[in-house]
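Some notes on the structure that comes next.
Each chain carries a letter (A, B and C) given by its place in the written order, and its residues are counted from 1.
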Amino acid sequence: MREILTFQPEYAEYLRDESRKTGRADSISFPETEEEVRGILRQVCAAGVPVTIQGGRTGLAAAAVPFGGHILNLSRMNRVLGIRQEDGSFFVRVQPGLALLELRKGLEKKNFDTEGWREEERQAFVEFCRAPEQFFPTDPTETSATLGGMAACNASGARSFRYGAARNYIQALRLVLTDGDVLSLRRGQCLAEGRRFSLVTEGGRRIYVELPTYQMPETKNASGYYAAEAMDAVDFIVGSDGTLGVMTELELKLLPLPPVIWGVSCFFETENQAVAFVKRLRKSGAEPAAIEYFDGGALEILRLQKKRSTAFSALPDVEDWAAACVYAEIHCGEEEEALKHLYEIGRELTASGGREEATWVARNDRDREQLQFFRHAVPESVNMQIDERRKVDPVITKLAADMSVPDSCLSQVVALYREGLTRCGLESATWGHIGNNHLHVNILPRDGEDYRKGKELYREWAKKVTAMGGAVSAEHGVGKLKADYLTVMYGKEHIREMAMAKKAFDPAFLLGRGNLFAPDVLGEEEG
Amino acid sequence: MTGLRIDRNQCVGCGICAKTCAFGALEIKEKKAEANDNCALCGMCVDVCPFQAISIEKEEQQADRTYRDVWVFAELTGDRLAPVVRELLGAGRKLADQKGCRLAAALIGGGNAFREAELISLGADVVYFCRDEKLADKREEPYTAVLKQMVERYRPEIFLFGATAFGRSLAPRLAARLQTGLTADCTGLSVEEENGLLRQTRPAFGGNLMATILCPARRPQMATVRPGVMPPAQADTGRSGIVREVPLPEFPERIKGIKRVPLPPAKSIADAEILVVAGRGIGSRKNLSLVTEFASLIGAEYGCSRPLVDGGWCEYPHQVGQTGCSVAPKLLISLGVSGAIQHLAGISRAETIVAVNTDPHAPIFSVSRYAVVGDCVEILKEWIRMLKCR
Amino acid sequence: MKIIVCIKQVPSSNEVRLDPVTKTIVRDGKQSVINPFDAYAIEEAVRLKETCGGAVTALSMGIPATERLLRDAMSRGVDEAVLLSDRVFAGSDTLATSYALSLGVRKLGPFSLILCGKMAVDGDTAQIGPELAEMLGIPHVTEVNRILSVTEEEAVVEKQADGFLETLSVKLPALLTVSKDINMPRLPSIAGIRYSEKGPFRLLGAADVGADPERAGLSGSPTQVVKTETPRREQECTYLEGTQAEQAAAVLDLLREVRR
């Protein structure tokens, strides 16, 4: 059995994730098989030790930051276990620690280590090699995210505008519970009756779950447990932020890769032009697969970091007049059709006050990489700036909003953000999935006072966004950072219902402490 | 007739050739392969056909047998021999011995470029030279004129150049003037047993393919040779040889030097050919100086993993990994890096990775070609000691 | 000022993989692209045009499908494009390619500058530029990383070579090969793509440029590729053994080997 290691300073990096929060832990383990996970959980949980589950530690909501106790790090459970074909679609079975970029590499090169695969899976692999290239549609910016982590927070990305979030592509999963028992769930095989589940573990134990009674916002959403009438049990586990059990196996649904993928970045002189363009684009016949946004603050930081750091010197120059940028992606079967869509985009942007000359179009891998690099560089350069400031004042961290609203409220929410930032005199950079009215407003505090003002502003936004029918966390998950916004969004009563549902899986509240439930709510439940 | 020939009796229409062709030039019609206008005669299909049904036909021409001897171009840096010249002489000596001919060096330079004796001690039997102040600066057109005259008068069968920046600019100019074949950046040279032709091996497609190239009919057979690959010749001051001067020919002077300054070696780690990367296993900030010393001794750049930048030991431009810089060196020496997935993603394009780590199960070893289980600080000290002893 | 840019079509990826079923080499450079180094030449030519006036012509020798890439060059600011395509040109090595390109250049009439990428990423030879310059009887400078000034008579350029930074003046017409430090190539705009769809494009055969079949294509190529193979790469990790000194020495030996 894989050993449980006493926590040593050399494991310091496992106390952190991309949220840049640091936690504490007493022990850590790196299991490689489900059997090992079961053994570790049995041992640790029997002793009443809390467990924090980790994947790639790329999350932004601190869900993987330990809250004391044991760290169960799944990064060495990174194998592809098999492939299956059904009705012309391919399904790939993976361990949770597999990084998205490794999955992508395997899919693109059609190269998996098939050792230990069942005979029918090897057959399916031969079919897979002959079939057109397949892809996993969820595309978070950070490709070193693990599939387990993506399932835990129901990740999404730019292309979720067309394809939806990760949950749509998770077909089956295996969940190890705190007593070492396993729940094996397959989509379509276990539906709720009203808002009540009755699940049977492999060990024969029956679990009754009463679902929370809230209505989920009808926007992109990764806030709290997914709960709806007659829902699928798989959907309840996806997005549960590591609070119910340990996912040890996932079956992912693949889609054929569109033969033509073009990207186009459109630059505007004002934010209003960009917003007007997005609204037109959504209604147009161009059928974009993604619509992304970068505001003037984001472009400015990029210009600055490009001058300072050689790492970004390969970025194309953004002209000085540009104060907003909208990126759209075209997915098509043929180039001719893509060209029609591109020209349609051209017409819409001209009608919104933009110019066809002020665009960057990527039609080959090299250019696509350029645009990808550009999009990735925005959050990176903001993080770099924050790190510089942290050296002066360690209290400062980035404050990032991850809220979404319905389509009808796009102008309203952009105005809300802009008004608040101006009123409080805060420095900021905004980017994100504007197609889904889902923007990451990042406040860049210059000092402790800015930091306080920023937190206050987010609380205010959380209320107003909820009132618009929106979600406080649309994609990053709630984790530890946004637990109190979740209370704002659903109210204490519903949070209590969530806690009851958790109890059905994890009676002693050992898994993912601090995630979803703000410490005070948790305290009441325990008491 | 010149062109692609498909033997319809051998071809079974398996389609492997069509799948391999990068130009879409082969189609299977009525269960036989057929070539269309897209064919670039690249020869990929010839190699992959399991039935030997495809061949490229070309009329054979006879080489002019009055060309003999193996020559190397004695490139100078200032008035001294460029390091690659020793390597060319080492390789050229072997070829000449195999062919039973002489090894000669072509020396061109300014008034003080007296390197004949050194070239002979390094294995040359003959040195052809042309010395003139007009040749003090290395320029392609004057040098081409001089070399053309040497070649026409003394007729080498094989002529090797170092694949330095100048060699790779000069050799093609000369090859075009002589209307002969030139193979770029060779990493292997040998003589074919049956016909005495020069077999030139070189990487193509960014090193993903090795190609072997012949120049059967035109003379001389020319090649540039990658520096640092061939074992250098050892000097033997007892050797003797012949020295011949070639007169200065006419040439145009259309390029003038305005300024020439030495470059600081600072390069981005993204372009480094050899990269040393330090991780937390390096232990302390002061041990980083061992890393930089080792890197400079082997002519490498140095980088570090993210924790070292986060900890303020190293500057961000040195950070290797997905959130830092993606690198693609030929050789990456990884020291005390455990290998977080983000780091592994950033080094995935490295050709060969050698890792040193105390933990035999460190993820870095999963992408490494060679593993050293041990303390990287100790190994570093060992390397520095060895390199300084050389 | 008339500027000619020579471009080559290359596979978008240099990766060579084995088909998992048939175990044969699949060189599916899925999509062909403009040789990345040539993209810098295109950008530099377009920038020169934007500052000095004039026109940029893109020239390539290749299969008919290369038209797509020449039009792509037009979307990035090139004014017109010419493709030399003929079965007679097939199988060209660098000498025969330079010959064909030299005929194409002559057909285009007087010019001031020819720009090429420093090499093509598929062949890595870096020979076309100097060979073409020789056949046209004009001077050349390789690996230029800055063009400091251009007049009708001369260009002043900077290059880095073998540890030195050199500033050179070169009489025009001349040929320059450019390194990737010279600029940051732009991406095409929607407006540029609209232009490229209709921009002037000419297809020339061997007879149109008066090619001598003996000097063109396979017949005109002195070199022959007799074998291609994928170098074997061991994926497995070898744990070095022996004393610390022996292990250290083994790694140092690798240094020489990787330069191969």
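The rule is simple: a residue touches a chain if its C-beta (ideal position, glycine included) is under 8 Å from a C-beta of that chain, and two chains touch if they have at least 3 such contacts.
A quick note: this is a predicted structure, and the numbers were derived from the prediction, not measured.
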The chain whose C-alpha centroid lies farthest from that of subunit C is chain A
Could you compare the number of C-beta pairs in contact for B-C with that for A-B and name the larger? B-C
Please compute the C-alpha centroid of subunit A, do the same for subunit C, then give the distance between them in whole Å. 41
When the centre of a chain is set as the mean of its C-alpha atoms, what distance in Å lies between subunit B and subunit C? 18
Can you work out the whole-Å distance between the CA centroids of subunit A and subunit B? 46
Multi-chain touching residues of subunit C, meaning two or more other chains, are 15, 19
Which parts of subunit A, given as residue numbers and ranges, touch two or more other chains? none
Residue set of subunit C touching subunit B in the complex reads 11, 14-16, 19, 22, 24-29, 32, 62-65, 85, 87, 90-91, 93-95, 98, 121-135, 138-143, 156, 160-171, 174, 217-219, 221-231, 234, 237-240, 244-245, 247-252, 254-256, 258-260
Would you pull the subunit B residues touching subunit C in the complex into a rising list? 2-3, 16, 19-25, 37-44, 47-48, 50, 56, 58-59, 77, 82, 140-141, 144, 164-166, 168-173, 175-177, 179-185, 187, 199, 202-218, 226-229, 252, 254-263, 265, 274, 298, 330-331, 333, 351-352, 354, 360, 365-366, 368-374, 378-379, 382-383, 386-387
Footprint of subunit A on subunit B - complex, ascending: 268, 270, 280, 307, 310, 312, 316-317, 319, 322-325, 340-342, 345, 363
Can you name the residues of subunit C that touch subunit A in the complex? 12-13, 15, 17, 19-21, 30-31, 33, 36, 39, 72, 75, 184, 186-194, 197
Per the contact definition, I'd like the list of subunit A residues that touch subunit B in the complex. 10, 12-13, 56, 58, 75-76, 99, 101-102, 143-144, 146, 309-311, 313, 380, 384, 387, 391
